[in-house]
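After this come two complexes, each holding subunit A, first together with subunit B and then together with subunit C.
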Partner chain A sequence: MIVHSTQAEAAIRGVGKPRGFWATLWKQRQLVVLSLPVLFVLVFSYFPLWGWLIAFQNYRPSNKIGFFQQEWVGLRQFAELFADPKFFRALRNSLGIGALKIICSYFFTLLLAVLVNEIRVSWFKRSVQTISYLPHFVSWVVAANLIFVSLSPEGGILNEILQRLGITSSPIAFMGLPNAFWLIAALSEVWKSAGYGAIVYLAVMTSIDPSLYESADMDGAGRIRKIFAITLPSITPTIKIMLVLSIGRLLSVGFEQIYILMTPSTIDTATTLEVYIYTFAMKLALYSKGAAMSIFNSVVSVVLIVLSNTFAKLLDGEGIM
Partner chain B sequence: MASNAQAQIPGGRMALGRISARAENVIFDSVNVVLMLFVCIVTLYPFINTVAVSFNDSTDAVRGGIYLWPRVFSLKSYETILIKTSAIPHSAMISALRAISGTLISIPLSMMLAYVMTRKDYVLRGLITKLTLFTLYVSGGLIPTFLTFRSYGLMNSFLVYVLPPAISGFNVLVMRSYIAGIPFELTESAKMDGASEYRILFTIIFPLALPVIATISLFISVNQWNQWFDTMLYCSSTRNLSTLQFELKKVLDSANSMSGDAVLAEALGSSGDGSSGRVTTQTIRAAMTIISVVPIACVYPFLQKYFVKGLTIGAVKG
Partner chain C sequence: MSLKRTTSLFLAVLLLIAVAVSGCTPAPTDTTTAAATTAAATTAAATTAAEAATTAAEAATTAAAATTTAAAAAEAAAPAASGGFDRTPASLKMLYLYNSATTYDPWRDTAVGKALAELTKVDLEMEFLVGADARQKASLLIAAGEYPDLLSTGESSGDFYGAGALIPLDSYLDTLPNFNDCYTDSYYKLMTQEDGHIYWISYQHATENRVYPAAGYYLSMDALKENDYPVVTDFDEWQRIIIDYKKAHPDFNGQPTIGFTVPTEAVRASAIEYGGSRFLAGYQNDGLTIVEPETLEAKIIMNQDFQKEFVHMMFNFWNEGVADPEMFMQTDDQYNAKIASGRVVGLYDQRWAIVNGLAALETTAPERMLLAFPVTFKGVERERYQGARNFTGGQGIGISSSAKDPDRVAQFLSDLCSEEAQILLRWGIEGEDYSVAADGTHEKSVEQWQSYSVQETRHQRGIELMTWFNLYPNLKELPGCKTLPNPQLTQGYIENVYKPFELEFLSHYADRGYTTFSSWFAPTYDAEYEVGWSIRQRIDPQNPAKIAGDTALEISLEYIPKMVQAGTEEKFEQLWQEFCGVLDTLPLKEYEVLATQMIRDSTQFYK
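Let's turn to the complex of A and B:
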């Protein structure tokens, strides 16, 4: 009986007498069946990667020509891209909006988390948190609707406030200002995601040892002093991780947001790489160009992730991956 | 050392220090409350204003000046989009259908993957984990993905809504972290009693993982409800598969392109005979926005404690 159970235990743990890979696999065939959903990943995430090959072709959508009969052009698509001023304009917009978004959401999310953490009345704290999550859960279409209405020159609330306060004499069409687009994109991201993003920081803050605050009280430290001396240093590792993660996503500016906030007069400052792929390559069926841009985007993103991770390792001796 | 220094301060100065600390407390708390109220107003005002506009008479709304409450109450906008035409209710039904079926398909599949990833004795564990998590970093990009899905015959098919997003690396990661916290002894003793892996997953792990399942269900259904780009990309040539968000997007476009009401009438599929009175884009847009926000606003506050927990596990371990 005892022998039997130890054998069963050994079989479960996969120890005991060494068994071949295939024999173990056969024993674990039920787990293999449970692994089948990985086929979804292969079919819908990995299989599309073969499409990168068309970046080295002059691909023409057609039923008559098979994929491998398409004209192979080597790196010509990339050469043409790097000679295209609109591609560099898109790259500049991606980097600019991406960087501004990171800076703004980073700062405001952290600020919101610190201030929410300082609220002492618990029902008020809970209410503020619940309210601040709401924009995260609505779609960018809804958010854009609200933003267009609020910033409208025809009775939009922001223009009304500015006019009542006498800051401007005539209403401003904010969504049509090419120079304001980057800031509007960054601040609308803050509006949509700061509350939700604060969850992570607040969770880490709850694990700070309360005795630290108590002894700071003994020493007569004020609230602001405690924030800078205890709260912020305690969440520094999280702050670093979040920064590294967001730098890796620098070029993934968020297609939906930009595409839907863009207006005809802001095309020059709003067209990011992702938007350019859609409005130029997709709509004109220049599939090879679009694939080349996707490859460029992925390569730069991977480089950024590796760089930022290395940088994080240099900072504190441990990376995140 | 610090407390020594404190003790040497003469009593009077110490009391002064306490009073000023108390004063700082009061000032800090007041400023903080004002700031937090500001955050709440900036977040909520656009929604409240939209509710007010959506319940206002449409011709009156053109005058502007509606803030927190409708000036001339009217249900006409809701009547127009919900009863007079079928396009919006149909698209809302498609959106709801994708939210429900998308969740029902995704949850069991994600659970299966997350479970095998926690089985340290499983020989393919490393491979499955790497394949799933790598998708967080690499994607084929818009056009390669589009061409592939088209070759699968997913154009103008409901399946394009629910099959490709069925497995999300992030969701599986969150589930895996949660399941990994369930004691392995439970699995072990069930195995010794002769339970199959399927039984262990669905009768032991599943009930214990309900909090994380609630979280992921919320993520999936909200995400499905909010999608519009896949409709535009894959299903825009058939009216039957249009989603609520895509209809709202078309109305937003028409409002921005100044051709306003004509496009809107077309979008709503109405004959525009004028008998119902002129309903402007403004109130229709507001009513559609509210219809697409209400289901979400009714659900997420109740799942708050779950998703806060789920997100924190994912963030700390991921």
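Let's turn to the complex of A and C:
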């Protein structure tokens, strides 16, 4: 009878469905939980974007002036930016270091993964893997100190070796060589990330069907042949995905690494966009110019992602987006 | 089905709004900014700069909301002070924008600090700058909009003032006791900002260095000994001594001797950007500029011919293999460590910047102690290394807009200005660190002087450690005890400060009438205008002239290593021309005009 009256009430109110709000909510609880990550992205990645507004102001943080009372200058910050030759130098350095890093990381990560995959003694394989991915957990500050010490012209191990072997007559201050900076940045990145990056490939390699190798054995294929005919083709989709992802991050060269490794001698080749943004926003307190530059940075990154995805599609008709 | 979809959508929007609203209220803002502040505070500046920058950037988006509330709070707390405030026990935070001289807490770990805590009823939590980049730290704080109660502004006075980070002190200075003992009307005028208010009280009173000169071209004692104890005043001779010594002694303690090295970290690079060359040409320290003594006209140093000479000296040193191969890639700590090792033969710097290295050198290799000389170019008649005795208002201590109880903080500052506190800070505790003579003046026994003249033991007591509280004029006797507040200016110190190895060394100069390491320098003189470096700190950071000056410094730091490592004279010349060309594109003229104007305006307060 209670049921009847509820139904009647519902009918009077004109509610068509028998279920209430909370019931629906409970029924769709999985959907609600699933929407949380989306919310997270909205709140932490998109909501702060309103701060981009300061790129169109001559912003100065102050208790005296409210945000919207700041001086609005339109596109002046951008105009000044594009008129600045140092900006293009920073862009060049970002692209250069980024590209070199991707090339070196790819080559060495793949090489490491393939080599480790070929090791048959399992304890040795495991220890190589562990040792090679340990540097990933070392902070850049510590890593930079190691690099400075080993490349030092005063008793650095590399200079010692070069001199003992008679290759150079006097020690070289590697960290002070403007032309060596890109390479040092790329190779130190390899040292730090190759082992960790190789884990992904190794995981894919373990899922390759062993019967492929067995049949290749029967056909008389050697190790090298098997690597090129079976291992590498099997991980190609992974390589492609990783490439597209990393090209999108091409401009995010890695602020700490560059900032810590750069010295006054290498300002010319080491000032990447990120370092340049930092100089403006945090050292000269020109926040608006820093914001303008970081907008530019984001736009270029989006363009790069779209381009690399298109490129991947062109290669074999499937992208990741 | 459509209802399901609308329900989820509705929920998502609801949640979003909830988060957005809570993000705009002050409470969560506080936590975000606090996180940014702590992140910046507790970790090495350069290393976590990236993280801190990201956090600060996030915080900056909510800063607008925070600043409005802070402004409202500051208004509400506008002081209606009449006389002193209650000395209720309080816990305050303070940021000093320079490196800490010690590893321990000056307020909580030292005898003097504890006595001051007793006197002022304040528990002070000190925070120091990590690294050397004060403006970077200031920018982070400003972006977050949250400050400790007390700010020692350092070279960032203009940044803090521009951001409204400090509250006006005028009413406190009028009503609270002690301030007027420390500052005269002229001093107040020098501390007054464009808008007519005083935001910080300066601890940079006129002083003299009677035993160790403030700046100079340094040479190691060992090199001087080999040259039969000369007084080096000629730039060429100074270079020759370094080159000869490095050739004769390529190694020390198994490591290569360093003929010449320079500091290059952040603001410390000023030594090579403009700091060293002006003295060679006979000018005093006026920051980015030299000031013509007759016309009071300010000129940027960075593209002057004498600066070129200075860079060329480094170019020579580099080619001769005398220069430190790592000099353009070291932090300030590494630079001081090199000085402490005894390997360095010569350098240019200001003493305050290398005092930690020198203190360590005293124990590692005292016979290689570095001594400063007033080196100039040939033909320069008058050197001005010691500069003018000058009160400057460019930096000081202020109360931040985040201070919860500004009245209590002001009372604390007033208490620190008292004679009792000033004696504690600089002379120490009666009976333990000094005694009172029959005529009421303060004196130290020989043992007390010995303990005082070693930086480490002095600092352990807390004496002359909190120099940011030295608010009483250095050269004016304290009214109660008729003694100079700074023991280093008294005769007793001059007689007792030198250690045996220093006295032995000085004895070789006695026949020429030199009794201290300062005596071959020209004496200080009364200031006629506010010095250029202090003026620079006061210029609004958004002023195009200031930005031009700062940008020129960045460019300088980039070009100097290139020029020094140019290899050939032609390449050096070509780079110098290129460098001057780049500087010409900046409105540096505006800086010169502004600085000249401010310097001329300031003369009225120095009569």
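In this text, the second predicted complex is superposed on the first by the 275 of 321 C-alpha atoms of A that agree within 3 Å, B and C clash if a C-alpha of one lies under 4 Å from a C-alpha of the other, contacts with A are read in each partner's own complex, and residues count from 1 in each chain.
We take it that contacts are C-beta pairs under 8 Å (C-beta built on N, C-alpha and C of every residue); 3 or more make two chains touch, one makes a residue touch a chain.
None of the values given here were measured: they were computed from a predicted structure.
**Student:** Quick one: is A:Ile267 in contact with subunit B, with subunit C, with both, or with neither? Answer first, second, both or neither.
**Tutor:** Second partner only.
**Student:** By the touch definition at the top of the document, which applies to A:Tyr106: first (subunit B), second (subunit C), both, or neither?
**Tutor:** Touch status of A:Tyr106: no partner.
**Student:** Between subunit B and subunit C, whom does A:Ser45 touch in the aligned arrangement: first, second, both, or neither?
**Tutor:** First partner only, subunit B.
**Student:** Quick one: classify A:Arg60 as touching subunit B (first), subunit C (second), both or neither.
**Tutor:** In the superposition, A:Arg60 contacts subunit C only.
**Student:** State whether A:Val116 touches subunit B only (first), subunit C only (second), both chains, or neither.
**Tutor:** first
**Student:** With both structures placed on chain A, which of the two partners, subunit B or subunit C, ends up touching more residues of subunit A?
**Tutor:** Result: the larger residue contact count on subunit A belongs to B.
**Student:** Answer with first, second, both or neither: which of subunit B and subunit C does A:Val200 touch in the superposed model?
**Tutor:** First partner only, subunit B.
**Student:** Given the touch rule stated above, what does A:Phe311 touch, subunit B (first), subunit C (second), both, or neither?
**Tutor:** Once the two structures are laid over each other on A, A:Phe311 reaches no partner at all.
**Student:** Now for A:Leu284: first (subunit B), second (subunit C), both, or neither, which partner does it touch?
**Tutor:** In the superposed model, A:Leu284 contacts subunit C only, not subunit B.
**Student:** So in the superposed three-chain picture, is A:Val302 touching just subunit B, just subunit C, both, or none of them (first/second/both/neither)?
**Tutor:** Touch status of A:Val302: first partner only.
**Student:** Intersection of subunit A residues contacting subunit B with those contacting subunit C?
**Tutor:** 21, 24-25, 28, 31-32, 35, 38, 42-43, 47-48, 50-51, 139-141, 148, 154-155, 255-256, 260, 263, 278, 281-282, 287
**Student:** Taking the complex as given, what residues does subunit C use to touch subunit A?
**Tutor:** The touching residues are 3-4, 7-8, 11-12, 15-16, 19-20, 23, 44, 46-47, 49-50, 53, 57-58, 60-61, 63-64, 67-68, 70-71, 74, 133, 135-136, 138-140, 142-143, 145, 159, 162-165, 255-256, 264, 269, 325-326, 328-329, 401, 541-542, 547, 550-551, 554, 557-558, 560-562, 565.
**Student:** For a test of understanding, state which residues of subunit A touch subunit C in their complex under the given definition.
**Tutor:** 17, 21, 24-25, 28, 31-32, 35, 38-39, 42-43, 47-48, 50-51, 58, 60-64, 66-67, 139-141, 148, 152-155, 171, 173, 175-176, 178, 255-256, 259-260, 263-268, 278-279, 281-287
**Student:** Considering the complex alone, what residue numbers of subunit B touch subunit A?
**Tutor:** Touch list, subunit B to subunit A: 2-3, 6, 14, 17-18, 21, 24-25, 28-29, 32-33, 35-36, 39-40, 42-47, 49-50, 53, 64-65, 67, 109-110, 112-113, 115-116, 119, 121-124, 128, 131-132, 135, 137-149, 152, 163-164, 166-167, 169, 188, 191-192, 196-198, 201, 222, 225-229, 245, 248-249, 252, 255-256, 285-286, 289, 292-293, 296-297, 300-301, 304, 308, 311-312, 315-316.
**Student:** Spell out the residues on subunit A that touch subunit B in their complex, using ranges where they run on.
**Tutor:** 5, 8-9, 12-14, 21, 24-25, 28, 30-38, 40-52, 54, 112, 115-116, 118-120, 124, 127-135, 137-142, 144-150, 154-155, 157, 191, 195, 199-200, 203, 218-220, 222-224, 238, 255-256, 260, 263, 274, 277-278, 281-282, 287, 290-291, 293-295, 297-298, 301-302, 305
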